[in-house]
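You will see chain A twice below: alongside chain B first, and alongside chain C after that.
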Partner chain A sequence: MSDLFQALGSGLLVGLVYSLLGLCIVIVYKASEAFNFAVGEFMVTGSFLFYIIFFDLHFPFLLAFPLGLAAAAAAGALIETVTIRPLIGRSPIAMTIITLGLAFFIRACLQLIFGSHSYSFFLELPDISIDAGELLFLSDPLWAGILALLTFCLVMFFLFRTRWGLAVRATSENQAKAMAFGINAKMILLIVWAASSACIAVAGIMISNFGALSTMSSIVGLRAIPVVLIGGMDSIGGALAGGIIVGICESLVGAYIEPMGLTGSKEVAPYILLLAVVLIRPYGLFGTVRIERV
Partner chain B sequence: MLAVENLRVVYHDVISVLNGISLNLEEGELLVIIGANGAGKTTLLRAVSGMIDFYDGDIIEGDIKLRGSSIRGMDTVGIMKHHGLTYVMEDRPVFWYLTIEENLGAAAFSRWSGNVKADMEKAYQYFPPLRGLARKKAGYASGGEQQMLAIAMALMTQPRILLLDEPSLGLAPLITEELFAIIKRLNESGISVMLVEQNASAALEIGTKGYVMELGRIVLEGKADELAANKDVREFYLGSGEKARKSYRDAKRYKRRKRWL
Partner chain C sequence: MNRKLLVGLSLILSISLLALTPVSAKDIKVLSQFPMSGPVGALPEFGWGYIDGMNWVNGEGGGVNGKKITWFLEDFRYDPTVEVANFNKYCAELSRDEFLLATGYITGGLKPLADKVNKEEKIPWLDGSYSTEMFGPEGGPSKYPYYYSLGATYGDQLKILLKWIKENHKAKGKARVGMIYSPTAWGKDGLPEALAYAKKIGIDVVAQIEYPYSATDATNECMQLRKAKAQYVIYHGYSGASGCTAIFFKTAKKVLKDVQLMGTHYTTNRMSILVCQEAYNGYIGVATRPFLDAVPRSKSPMDNPMTKLAHEFAQKYRPEEYKRGVKDKDSIKDMFLYLEGLTYALIIQKVLTDADNSGDLSREGVKKALDNLVWDYKGMFGGKKFSYKSHTIPMMQIFKAEVKMVKMGETMVPTGSVNPITDWINSDETKW
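For the complex of A and B:
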């Protein structure tokens, strides 16, 4: 029985990080109708920016963390200005394909700059491991879960309690209407991309902290795809639920099915789940119910 | 106050929609623009409000002046902030997935003053039905309520000039009457209004001045009551010509090769 709780608990912690990745895709999708396939590369970029500030320049963590996020936000804003802004008002498919290209471009740039070897990455956060009888939760995943949840709540607060968040939600619904009522849609898109880039960096730093950072870490970004598709592409609550579902599914499969000799099934399980969910509910579990007036 | 001078607008670099339009909106006026579908009425409002870029249109000739200074090339937010001009798009431009209250709040985004609440109160006074719906999603409101909300949202931007694009679209006659009475009241409170309408008789009733547009040109202008009495306007837009009844073929003006200019 304790195996089960252990698996559920660790799945939940990783799932919260996935949720954060999912949230970043969802807010960008809602605002600019483009699916950001470059999420893994955004993650690695943010992590490397933090790496430079924290490990190379030796800033204290409490300063390096916000600085790293600010740098990641600036990178996101730059990418938006160069690649996405010229396409405002055009086909969202074009933007989505741009992000696919961006993924390869950014990965290649990072490999060029940092090489393809691994960088060791230990944050040495205070030890908060929980060791209760047969259950053991290590400090790093706990920190990852907590910080991811905090960031998630912060984004939610911004979206639903501030006037800027209101403007973001209005622009997400319709750019033309928002512009007609005096909301600068271009600026809102810039903010959304920058914020999403910073949040992705939080997830990236936490995931790198589990082991090491390399340009190949961007594979984790692929996990965000089942997260948002299971939860629903345009649902923020769905991102949270989808992330937790994917995390738990992964760790359950890791605990019960992999030992049966099916090595690697852990990696595939979320996608099999994704197939099942999408077959039954094509808009995801929490996809928006379209308002239809009759 | 607002002067459009010889304006030419082209979509996608090839489709010419406005072919040299000039008109004037004086302070405190309620200007009515009527015309058939495709005459360029909506394009005119888009050009004046700076939205034309978004629809891939270009002003290739002419100028738009507000109080003497050209606003050609300014973006929508700038025009709204500096000149108090707000454009209410056609087909009830409200945010469906936000509540009525959030809609009003979103429309107040462009200014930073703290008296948003007071303005909201004022908007509710003009449109009492909205007050009871404040927490309801706008998408579930009725057509009339949505159109009221759209104009209430425009009021939140504190406009001095209001461009209204077919507020009566798809509304019952009684609601239209009510809405037009409120537009008249807004105009009397000091807001200059430019009203584009298909419902010519109702619009000319509340308007002070009117223009008739056809194929991207102004073909007729005059005081609203003069226009309403004009023989051609009566026939084409008000549906009551000299003869009691004409055959449908005769009513199609292109077949008759009738040209205004």
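For the complex of A and C:
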């Protein structure tokens, strides 16, 4: 039984970080109907910006963390201004394709600047490990889960309890109507991309703290795809659920299926689950069902 | 009279000119390919070591009995298709009489080129691959007569670690070993041989866990090892100090407190000290080269002549890259990479010279020189010589990492090195 709790707990903690990645895709999708395929590269960019402030410039963590997120947000805003804004009013597919190109471009830039080797990444956060005999939850994943959840709550607060959040939601419902009511859709899109980049950076910093930081870390961004497709492309709650489901799925398969000799199944399991979910509910577990007249 | 004189003079002049013109000596052409950039990592050090080595060979080194080597260097970006395409291009462009030797670095390129190299071109090929499939009992000289590896196979590396465990296991009962391997061709390479050997010498392999490069968490893997009561964990098949290696070592140090972490060649290095830091302390690993590149570099022991030579070369030809910090992408982050490029240049000169000395500077002559090679590799293996009869350089050494965190200004930084704990071991001469 302890094995089950261990697997569930570990999966939940990692899943919360995946949820954050999913959330960043969802809010961009809701605002512009574009799928951000460059999520992994945004994650690494944010992590490197934090790395420079904390490890190179030696700012204290409590200052470096918000500064790193602010830098990531600024980078996100800059990218939006240069690449996404010119496409406002065009097909969301164009924006989605641009994000694919962005992924390659950002990755190449990062390799050019930072090289491809790994950078050591140790955040000396207070040790909150839980070691109860056969159950062990290490400090780093616990911190990651806590910070991911806090960030998630912060984004929810911004979206549902602030005037800007209201404007974001209005724009995501209907961009044309929102603009008719005097909402600056361009500014909203800028805010969404900036907020999304900052949140992705939180996930990136936590994931880097599990091991090390390198441009190769962007591969983790691929986890966001099953998260949002399982949860539903336009559902914030779905991103949370999707992340947890993917995290727990990976963990359970790693704990129970792989030891039976099916090595490698942990990597594939979220995609098999995704396939099953999409076959039954094409819009994801919590996604809005769209009825289109043909 | 004048006409006769003119004809005579012309004849003398022509003969003199003919005598003075050297017999058109054929060029010696060599192709080398290293993974110097690309998605897996930017490792220009391979190329730097090779370029400096080949320039030295053609200059102070005296070439091949005074003849210069025309060398070509390609970056195949960890892509076997690029490696194959490059080789095909050079085969098409260069004459067989002149293109005498080729080198590569990954198993992925060896497999598709097996027929082309060994049956069609019949050109000696030196490679950085440690593939047991290609160079072990199932492959080797009988199957791939023109392939030569520059290191002991992964199978032998895993076996020597198991042998070390057997000889050094102090606790009661059979030693319990867990295997962690990457889901790659080289991660799975050598495992069947290692498992069979463990059974033979009475070691229990209590867990075999595939752990992916894209891992974000290693708690489950470590808990499985803890549950299996592994006393030793062999981490195999991960090149460089990738993020997943840091995740595994950081987690293992906390979850598997009394377990001896071990690993194969590509986990035994300087970058692991820098990336895994204290979690790497106490690690025991096997390597096919002298990994003597301490953190800080100035504390590197220089008792190995090849290590000393590599450091001298780097200081002389790449002073800036040698001094730069590890965070600078244009620095020599790990001297192993530079040394590796240099070793290629030195062995190329050695075998071409041997072939020339035997009067057969052809592909077959170079092959014979390789087959008959008995060399100490400029003292790289503590003065021990190896022969190429198995088409691998069968030398290995076991190292132990000693890492300490020290305060430097505001931050704690790792210092330490990976130090030998055994003499050089020749796998061809080992009684398994």
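Simple rule for what comes next: the second predicted complex is superposed on the first by the 288 of 294 C-alpha atoms of A that agree within 3 Å, B and C clash if a C-alpha of one lies under 4 Å from a C-alpha of the other, contacts with A are read in each partner's own complex, and residues count from 1 in each chain.
Quick note on the criterion: a residue touches a chain if its C-beta (ideal position, glycine included) is under 8 Å from a C-beta of that chain, and two chains touch if they have at least 3 such contacts.
Since this is a predicted model, take the numbers as computed values, not measurements.
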*asked:* Touch test for A:I84: chain B only (first), chain C only (second), both, or neither?
replied: neither
*Identify which of chain B and chain C touches the larger number of residues of chain A.*
C
*First (chain B), second (chain C), both or neither: which does A:S214 touch?*
second
*Quick one: classify A:A195 as touching chain B (first), chain C (second), both or neither.*
neither
*Just chain B (first), just chain C (second), both, or neither: which does A:T288 touch?*
first
*Return first, second, both or neither, reflecting whether A:S10 touches chain B, chain C, both chains, or no partner chain.*
second
*Between chain B (first) and chain C (second), which, if any, makes contact with A:E267: first, second, both or neither?*
second
*Using the touch definition from the top, say if A:N184 reaches chain B (first), chain C (second), both or neither.*
first
*Which chain A residues come up in both lists, the one for chain B and the one for chain C?*
none
_chain A-facing residues of chain C, complex_ = 37-43, 183, 208-210, 212-214, 216-217, 219-221, 223-224, 227, 240-248, 250-251, 254-255, 271, 274-277, 326-327, 329, 333, 409-411, 414
*If you look only at chain B, which of its residues touch chain A in the complex?*
49, 51, 54-56, 75-77, 80-81, 86-89, 93-98, 102-103, 105-111, 137, 139-140, 153-154, 156-157
*Sort out for me which residues of chain A touch chain C in the complex.*
3, 6-7, 10, 13-14, 17, 55-56, 58, 111, 113-122, 129, 136-138, 140-141, 207-208, 210-214, 216-217, 219-220, 222-223, 251, 254-255, 258-259, 263-264, 266-267
*Residues of chain A touching chain B in their complex?*
89, 163, 166-167, 169-170, 173-184, 288, 291, 293
